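First chain A sits with chain B, and in the next complex the same chain sits with chain C.
And then the complex of A and B:
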């Protein structure tokens, strides 16, 4: 199908957000509303010896105090059902919720928290990844063998998931290599850090509950409420008002069940608004720390012959949605290269840290940073230019990658050449400045999604979708698709979204799926409307249905534009006064892989509609201080067809900025008890607009079959993959030293320079 | 809790004598309270609408900067930029445009943080704080004002009404540089200010003060050896070494003591170099951090 000229992007939620007229969850107030607060475990590892909430319940103005004893005994989490809403016996991280209170105001709620008697035997925290998987280590979950397991989730002791990707005989192939390079890289944990802290309001009417919440995934949130409170789907409605960012961190059900339970017990609406400290310590979504060991062998021509590796990932205390992380990390450490023999083991390790979970392209920035740094080390070892080495080894159309997937038409080679050209690869730069290059990849995900479309008698269209707008602009692109299918102006399309009570289910804003899956459903539902309009038009114009063209608000006969009728007249002429469409996106088959054997298969070995990218960063390093400034990033992406160039550029720019932050300043620090030390925005340093480099974005547009609408792939996560690696390689090119820990803070860069000077 | 909006200095002083605490921009007081560093005082008296506090007056001997002058004014006021450039350098680095538009120099000084940006340049320029109460007005040297982190020697009923700086001789320059990890919403990891007067090519006087390396802003002593010397590599190295030696930095989330000790030497060197270049008549735009690519570079 041809790609049509979609109209210029108009962001329907833009004026609301810019003027402040838009309402976010924390802006809402319901009559009789109470304030919720959580009592946290306060230690990262401990056994509860006493928990007494009677004194808290007795305080005037306290309407409900809940503990594990007050909610169904349900264990949840993907992969391994390892978690309960409230701690039962063991506290496993500092943000573990022990009790929840609902009170007349914040002061009384705080008094109630203070009145809760919590006595804990403090246990030695398990925080070191190697120690955690050693024989005889104490276990984060002593009863792990009794937990329900879903999917292929091999686990033992503190290893929550053990996945591998494996093809050929890597050891034997390595023995044939002319040059072998081994590297170790460490990545600190980091955060999604949406500017809007989480907020949840729950209100019961009879036996039905409505929850307004800052979620990216209303249907997952609904499933979480239903599962943990043992409620039928039809009794729970989730509405997400405007969302102030998510970056993956607001995936899954987070605190909706707690607040729904509180509201039921209190018989009043209950509202939770997180402080910034809570936003850092309590969610079970953060970017995981990693230890990455990798060895690569290359032949005399500079072709990779084998790669082996071991990755340890800090899962924190609970699974959340992290069961696929080990395999995803392994794919990134293999990378978008032709590698005939590969074996990478990846272990997701329980610790007493905050649980890891989806944050924009989970595992990718760290894995890519490590492997792209390693790639430059290999190129240096054999005396080859880093760009040339990648040209020689990356996957291209028709080539077979690290797990035996053979790619259709892909554009990584074009990404590489375009990014290098844009940045002026090879040019002479002032002292202290250099370029660094990195390639990256990320899959697209197919998931069930539905949509309704209604053409009203007045010619306006309502699209009802399960999609969520967490800032990407993708939902707004759905309007463009509907308008284009039905042949009307985009401004005539109104979206109903982020309401499980209205829309058919879908994945929401997660996994770059909004356009990819919801878009296909919206397109199909809108086409059903268009088909009915064409039938009505054909009857009135006495033409064949197949000759009817819908465009510019008019139905006309192909080749005879004078024979036409306004679409608004046809809509009003239908039997019901409106024309309805309802559709589910078609299922998509995952590509085949051959020749590989992967343990702990989590759906991350075969990649549907894989996206590719190349980022070249230009940095300036102040060698006296180690302060690195990213001056330019040249980003070129293959995400298939680009349907909405304005939003697509915005995604790349945001992803690059997030990457710059992760590269230079964003990293969680812990005390020796596993508690976060920098759980606030002064000491956890996000990048500001004043730090933004000049970002030059280009797209290699390849119409991709078996993908999203009109040949599109995903795009939200891919721009967050390659920046860290490009920055590290640029730092090395500028200073001659290699930074091996993420983030590459000024002090770490200075220490490396200092050590190097001391050694020489 | 009460909040009184004062329109004259007398109203402020009267309020303070009855136990109220002053609030201008509120960028330290309110933010600190929200972070749990202390509860807000029972009685606040807003001083931000008292226009007498917001003047900059150039006298024959001294320049008087009202305590209510904002950072946004300090970074652009032609008198301050021309004569006390280090203060402008510092003001330009504070927080964000929003912080700079409401935050004041009096608030910065009286908050007493060892990481305050305007403190070190005021010290090297020999500024004194003018403290007024209903009974008296006095001038206090800054090293006597700051007695510890967040603590000053001012009495509870005293208001800082101005910072008074001796006017600078010919061929003088000043500068403030700091180590920062990002270019906005940042706090000094370490910082250094310098004031230099030249006699021909030779340094005739030099003062250096350091930010965030001790419980208060400290002056660097023992720089006599560089007086009479040109501001060359040897002089800068001596300043750098003396600054590193005299710093007493701590290790915290922002940096290790080792890194801070090295960095304070780098910052002091850069501050003296920039101040000397300004003293020689060269224009280096405000702030030095951006102009010379110090810290997080432009």
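And then the complex of A and C:
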């Protein structure tokens, strides 16, 4: 829609999104399109004894019914190839796909599902993490030893990955401690819960398939289609229309292969749109449940001397992308502290629950919640203020952290002080109210990414990037980078993105990488354009190339601004009428570490451009009901240089809000068979605007070398790390009781208060 | 094939009459999206919980996923497509963009409809009244602060 009264510089997709003209995947319709539906296993663990789809295939209006017999026999997943597109003989979780149908409309598709004969011998579900790793436990994957392994993924029985963080002799150091504190914390599973349920449409033209899909990672989705359907890259094009949120839940390839296979069999375009129930139970991306046991020793001065820990993570039925989760969790339980001796052991455990996979800062909110709650327990045990204890023990510029990584200039100490000051740490508050503090950290990730840039004869620039717009506003920032390099206005830059048929490959919107990686590629491609513009300008203005300055749509000679020429004239005067640049982001070296990972090195021990944060939460707890309201969150982040303040604040506010939800209401509940009890938005409670705290955001801006463009680090995940811990510490400060299970629901808070009163 | 019971009705949406034959069991959101091509109205839960499908019925906000299309005959439906004039965004649309209250945008249409209804009924809402008025619309991206700011800003503009 063409509108004339836009704010000065806004996200390019903004007008589409506020007028309703923007198309998300579910909004599209292709001629002749059929409706897809999936037949799920319906039990969390069972052996298929009969699967007959002939009656379903015979229904008029049914164009295709597929099972494992109809697609290549390919096993996939990162780290350990444990999954097939359709269940073969064993159903391992309730959302396991047994068959897929494509029919003329939704009613006929449902009739086809109902006509599928599925008989299952129900097996005892494996749901308890300790029982699952005990000797003699039945196995989720009996043939695990035959699965293909990639990377350092030590596994055995129901242990999908075993990983550790280790430095020094933790046992010996612990023996020297003056005070030793041991804690156990439990975290329930939770969900990404984007407001857009996912949708996929596939259409074949000859031997090529185009898939429109609500993915965060078009190139990963393409790789998944190619791998599972055994297609060459050149035959698969992935396009993501506007994406209605992802939060990690829409990473990886999910249902693109199923729908592409259905469309091929049906010889018609096929469209899948998930119900909210399916969005809860079927994706192999949900936030993992954890059991965290941790012990810390401190000396007489309150300095940490040793930390040991054991973590069990619920992997669910399949690996998805979770092979690094054990090591990531171990890093969070170690925390951003100077710890001379540490040993943390983490096991990712198969169960018959929905598979775990990347959700915004995977393992971090739970791991950080546990360790920051534990940190307050230590401070209390030695009679030290929680802020003071952290000041004494956190990593600062030049200090060496838990894996022996020595940090360059970092701002965690500033985050701590600024958050405390913003919240009024130490002030008197009304009864039932209190502050709680938590620090957090998260790495940045370097990955290959490319970009093209074109300066047209009319002076506008088109940037073609593999980046994705999950909502973060990163694509808006990419326009700013291109504009700045070429010296034109941001509004003259157009982005082409979310199309594997047009752009060079890249990580898309995952791992806070959009700006970090795609930004570096866009910056470099744009600089190539700028260099050519400068050469043309130098020839026209009879000056040295090195003296040409590009700014405000004009090329001029440094020191002599009057000697100038509009960039648009130079663009039009080039040989082809446009000026082209193409570039790949430079490789970045990961920092060295001196600590060791005994086993299960999954690339999560050395942290590139680490991000730090401190959140202080102010809560009010109603002791009679256990209801906790988060009134304020004061968030201070070191994410390096901030290039786009509106987008950056939006990321922090959204991440904090997600953290409040995880802290108070968001947790998956199961029946005794491992099926989800609250797979709906009434029962799985997201925070509303009525619940929203006042969020105060500040940034410690430190230009960071060996990082993203202009010294920026990642940002989208980091705000989701520290909030839960701050809320728990505030609840304890308000009530005197410690909540040991996440989410800290009203029932759990009430029970803890009641138990404490009964005991006293 | 599906059993159907089509009924001829005229739906009035954004001031435009649409004569359609629809099954009486069809919800307003599916008819808006599939028959009328007005896909600005989103479906996030089909259960009245997320508010992405919010439209106005005679000026009052309803979840169109749980309202039968035939029930709207003779009444006026307003969707997000009806908020802007030919050339200009409505103040609320402009302000939510300027404030940074749009991220993924999937909740935005429903949020705008609830806020429009709120401001039509009460042009000077308190912050608490705005929070209550928009509490039927879930947003997973923004943390709500900038959405709240944009409604406050619009209220100020309306009354100045």
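We adopt the following convention: the second predicted complex is superposed on the first by the 748 of 760 C-alpha atoms of A that agree within 3 Å, B and C clash if a C-alpha of one lies under 4 Å from a C-alpha of the other, contacts with A are read in each partner's own complex, and residues count from 1 in each chain.
By our rule, contacts are C-beta pairs under 8 Å (C-beta built on N, C-alpha and C of every residue); 3 or more make two chains touch, one makes a residue touch a chain.
Remember, it's a predicted structure, so these values are computed and weren't measured experimentally.
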item	value
First, second, both or neither for A:19, with chain B first and chain C second	second
Partner chain(s) touched by A:682 [first = chain B, second = chain C, both, neither]	both
Contacts of A:562 with chain B and chain C, given as first, second, both or neither	neither
Partner chain(s) touched by A:107 [first = chain B, second = chain C, both, neither]	second
First (chain B), second (chain C), both or neither touched by A:649	second
Touched partner set for A:669, first chain B, second chain C, both or neither	first
Which of chain B and chain C A:197 touches, first, second, both or neither	second
Touched partner set for A:587, first chain B, second chain C, both or neither	neither
Partner chain in contact with A:759 - chain B first, chain C second, else both or neither	neither
In the superposition, chain B vs chain C on chain A residues touched	C
Shared contact residues on chain A - chain B and chain C	680-682, 688-690
Interface residues, chain C side, partner chain A - complex	1-3, 33-34, 38-47, 49-50, 52, 79-81, 83-84, 87-89, 93-94, 96-98, 100, 102-109, 112, 130-132, 134-148
Residues of chain B touching chain A in the complex	35, 96, 179-187, 253-256, 259, 262-263, 266, 293-298
Residue ranges of chain A in contact with chain B within the complex	620, 622, 624-625, 627, 629, 664-665, 669, 677-678, 680-683, 685, 687-691, 745-747, 750-751, 754
In the complex, chain A residues that touch chain C	1-7, 10-11, 13-24, 26-27, 29, 60-61, 104-105, 107-108, 193-197, 242-247, 275-276, 470-473, 646-647, 649-650, 652-658, 680-682, 686, 688-690, 692, 694-695
